[in-house]
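For reference, the structures are reproduced in the following blocks.
Presented sequentially are two complexes of chain A, the first with chain B as partner and the second with chain C.
Then we have the complex of A and B:
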């Protein structure tokens, strides 16, 4: 029964995610004109005096981002003749006889033919349907690393195998030769102790901001200055470097520096930086705020319900009304002002940086303020509701004392709806807080979505939408699971059948 | 015996009177009014709120404040003036009168707050009532809700504001296009709670049409719940306008907006604090009084509080 419910629910969640992404695709790729992506592209500005190159650059970028299928003469010539031959040189000259075939061939396939403004050489382009792009996005979403990754033509003699070994720091590892990553699975001393590179999420390439980086790396890689430490390389030599040797990727061509450091082609290593990633900062901040919120909101809410109508209750209500009705922007600035004038706390996160406790105090408090208010409100409300119910009167009639009734009866029932929200809020920490992070200039996730939209970073928008949706769906789901643990009377499956 | 009979006179038989059922006279709206008025503090807040709202509506008609019009922009002596008899709230960084600016912004915030709430509530209540009542609709709507509530609102808002341009109509559209579904979901849950109560079952058995059950049996029961929701919705819509303006998405340069004022004047918080604190305080005063009055109305409209 329950199993069937979970299965159905997972299927429904996946469909929801699919639909959300489709909607976002439609919004981003059909409502926003595609010229906009070049607004902050310097390369295009440099090509301003060369209309031919400019147009071709635009076409290539659109092709790279999946907007269009694009063909030009040089590709066409290369497909007809051998490289370096006279025929291909003749073909590449503007006005060559092959141009007619090119136009015919691609017009027949539904392409639109354009001519470059100066050389009048034809180029062909065709819009890619959004449905197709959504399908491709999901198809390439999960990426398995296999020994077949390395190009077979370039490296025919490479031994392809998966084997057990050790990391340079002495941890256990499953290594691979021929995969994209050298270490597929390894242990080390940093959280969560076991790391893997077998499965990875491919959320697309960032453009035009954070150009040519993977979106996932942008939000999950460490930031700031390089963290250079004495590193022992595989061949035993020691060197000051910021390389993370367990996260090295295959590189087709090695330069001299690489050859000095590495024995094989796994030389494209991640670089360790000093500050946590965007996700990391937002998450740490969110979790601290959450602990603050539950640590303060719950007890104060309980206190309010106990002294219903009393001074504590009224003061609490004043705070709740203040938070609910005053726009968050206003009270965030208000508390920032209080903190900086009376406690001399820094008003910008980067002033003292990540490592200083003082940087975290004000942003965390400002994040916690609304959660404290809503927790106070709901705790009080649920407690008061429970206090008036019959089973409490019955318990009182049986002679239980007030504390026992509070602890064992009312609180356990009142906590159920509150507990349901915990996973959602915890998961929501990753997505960051827009206003708080921009008021305190925190380098977290909160600013990513507005920034991505403002800079037309479409891959980033879609990736973020995917992350937000998935996280919120998982959060709600876990919340439901938690209430069934706390309260065995609740069955999710029965809820499904309706009344 | 006869003496006693003289003391009584025969009352005339009145058929209409005999059919009358003795019940205390109860008028719902009168009771709402009586309960509302009985709280003196709330009445005072309400009067204050009406004055502020009327002033915000009327003052801009006379000041003709236009954020794009800054005649004193090249006159350093009229910049950053403190509050005085000539400029009640002082002047800002380009010599505009803050008093006019603040009230024009308040008017826009109020229009947005009330307008969006009205549209969202009407749409939400109609859809929510049907959604909560029909199980067939529920199966589909809950999926629609799951999807719509998961599309990041900010993304939708930014793309729509970009496609539609900035301005009143597009801002109201943006703030209503998906937000009504949250109202509808809330109403749906409320309707589901009471739709299977015995009196509705009886009503159904007697052949009352679904529409009548929704409008006559269920919705009146929900008035106080809806009022509670509205009293939170108006400040939250005002707040949202501020948030969007802060991100540069709200009304656009040609309309005054408290949100953009606040975000623009934050840099003067230490140097010219009046520039920052006056818009913030006005915004806070308006939203708090709206919220308090709304809550009091919600309490008053709950029949259980009537004596």
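Then we have the complex of A and C:
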């Protein structure tokens, strides 16, 4: 029965994600005017004096981002005649006789025909329906790397196989010839020790900010300066390089530099940078703050409940009310001031950078402050609730002493609702904290969503919506699983089981 | 009765609760001797101080309450002087056990039945877990849990209300207490289960020979189980006596009113009898007899001076000026005359309160 429940729950989760993404798609791609995406595009500004190129650039961009299907004369001519022939040259001249066929063909297919302002050459475009785009987005979401990746026409002789081998650093690996990645699965000494490139998430291309990068790479690749180290290449030569050799991808054309370094076409390597990714920074910061919050909030809340009405309780309440009533920006700046004046801590994250502990102290504290307060409040409240329960009175009548009652009867019962929230808070860490990150100029995830919205980076908005939704659904689910471990009354199976 | 051994003796108990800046005089000078092996019932309406009084026997008063006068002597110790958990060790739960009204909430919902029984046994008898489990299963069998060994590891939500009350009783009796305080043990249970639980306590009492204090407002239960009865009103015992004396020769007007209010004594077609008015506010100092304002037999002196206990028989005392030789002779209300026959009818075979002996 339990399996049935999990299955249903997963189906429900998938449907929720689907719904959220569809709604965001509709919002972003139909309600936001599509011209806005060019607001911060420099290329378009440069093309200001060339109306034809400008319009074609816009069309191509919309096509690339999936807004429209787009056709122009040069593609049409290329499909009719051989490259380099006289016929194709004649076809490409404005006013050519093929233009009539072009217009007829695409009008028949439901395209809208426009004429370029100066050359009056026709172009055809057709909106892609949102539903279709949603379906395509999900279809291309998960991507499997296979030996059929490399173009068969360009590289007919390439041996296509998956085989066991070793990484340049000596780890075990499953390698591939013909896949996009050379190393499908490999081990090394960095967390989580086993890495894979078999399956990857395709969340779309970023535009106009972080142009033409994969959205996932924007948020999950390391940042900052290149981390150049002595690297042993596959052919045995050593060079100072920032290449991550286990993350090299296939490249169709190699230049001279590539040929010096690589024996094969897997030369498009990721660059290792010194700082963690946006997601990484936010997550590390979030987890530290979370540990602080639970490490302090829980015991203090407990202490408050034990001395209910006493000094400790009142002091705790003062803190809680301070955090609740003062706007977060105000106390963040207050603690920033305290930290910088009395402890000489840096007020901006980049001052000392990621590797310096001092950089982390103030942002982590400012992130933990509200969580500590709410954990104190809830722990105290749940504890007091339990203390007044009948079974605690009965436990006292049974002759148990205060310590035993706390240990055996109050704490575990009070902790149930708190434990349920842990996975969600943990998962929530990667979404970053917008206020703290902007106050301390931390390069984390917090600013990504507002930035994406401001710059009309629609692919990014959708990708983030997808990530956040998925993460919170997983968080809530794990929370429910956790309470089934500690609370015997709750079973995720079916309801009839309880007597 | 008089030659019986006194096991617990409360003298002039006064309990006050601090509520905001006021003091609530919950118990106003109550004395009581409990005899070994007897069943004593305390009856009275809500707020009369029944529970609060017995809580002084186990130090279970809420944190804002305190015993301001009097003593509770048990085994040569004054229980009102005990304050810490350590002082109470070996008494609360071990020698004086309590079972509460609501079995649905008396057990911790997320711990197994077994662990909740064994923790008391381990605590008071200092035996190993293994031995405690054996004893726990044994006591579970005694209180009528079928398949006790199997149900040892189940959780309270897997038990019905009656079963849970059996477990609560099992926990209370697991250390063979000398006194068992039953604070309205059957109020939250449905009628068919009530009789079973009362019966069970009676049976176990015979077996374990403990003294029982019942707190109840169910006079049917009292008639069925009690040897002696104390009637409480406004934080005082107003009448105390053997069960026969209280039911058939009640002397206090409040006892009369209480007995007249028994719905079982109602006559078909007539309104049920009830006690008009509300109990006195215990925040104020009460002048005279606390029941006087609601008492249709009240004398002038009832409003001025608190009545003393008048002795009716060796075992029967009542706190009412009506027993003063100077008082006018008053007939008991009609409803409670011939109560003997009426009660006998109820508790004999076929009656509502009949319990298989």
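Heads up, the rule we're going with is that the second predicted complex is superposed on the first by the 492 of 499 C-alpha atoms of A that agree within 3 Å, B and C clash if a C-alpha of one lies under 4 Å from a C-alpha of the other, contacts with A are read in each partner's own complex, and residues count from 1 in each chain.
Everything below uses one rule, namely that a contact is a pair of C-beta atoms (placed from the backbone, for glycine too) under 8 Å apart; a residue touches a chain by one contact, two chains touch by 3 or more.
Small disclaimer: the values here were computed from a predicted structure and weren't measured.
Student: May I ask you to decide whether A:394 touches chain B, chain C, both, or neither, giving the answer as first, second, both or neither?
Tutor: second
Student: Taking the superposition as given, does A:402 touch the first partner, chain B, the second, chain C, both, or neither?
Tutor: Touch partner of A:402: chain C, not chain B.
Student: Is A:324 touching anything from chain B or chain C once the two structures are fitted on A? First, second, both or neither.
Tutor: First partner only, chain B.
Student: Tell me the contact category for A:486 with respect to chain B and chain C: first, second, both or neither.
Tutor: A:486: touches chain C, not chain B.
Student: After superposition on the shared chain, which partner residues are touched by A:464: those of chain B (first), chain C (second), both, or neither?
Tutor: Only chain B; A:464 stays clear of chain C.
Student: Who wins on chain A residues touched, chain B or chain C?
Tutor: Of the two chains, more chain A residues are contacted by B.
Student: Residues on chain A in contact with chain B in one complex and with chain C in the other?
Tutor: Common to the two interfaces on chain A: residues 498-499.
Student: Could you please specify the touching residues of chain A with respect to chain C in the complex?
Tutor: The contact residues of chain A facing chain C are 389-391, 393-402, 404, 408-409, 412-413, 416, 486-489, 498-499.
Student: What residues on chain A touch chain B, complex-wise?
Tutor: 12, 15-17, 19-20, 23-24, 27-28, 31-32, 321-322, 324-330, 333-334, 337, 434-435, 449-450, 453-454, 461, 464-465, 468-469, 472-473, 498-499
Student: If we count contacts the way the header does, which residues on chain C are in touch with chain A in the complex?
Tutor: 58, 60, 85-86, 88-94, 97-98, 100, 102, 105-112, 119-120, 123-124, 155, 157-158, 168, 171-172, 175
Student: Considering the complex alone, what residue numbers of chain B touch chain A?
Tutor: For this pair, the touching residues of chain B are 135, 138, 143, 146-147, 150-152, 154-156, 158-160, 162-163, 196, 232, 235-236, 238-239, 242-243, 246-247, 259, 262-263, 266, 269, 276, 280, 283-284, 287-288, 290-292.
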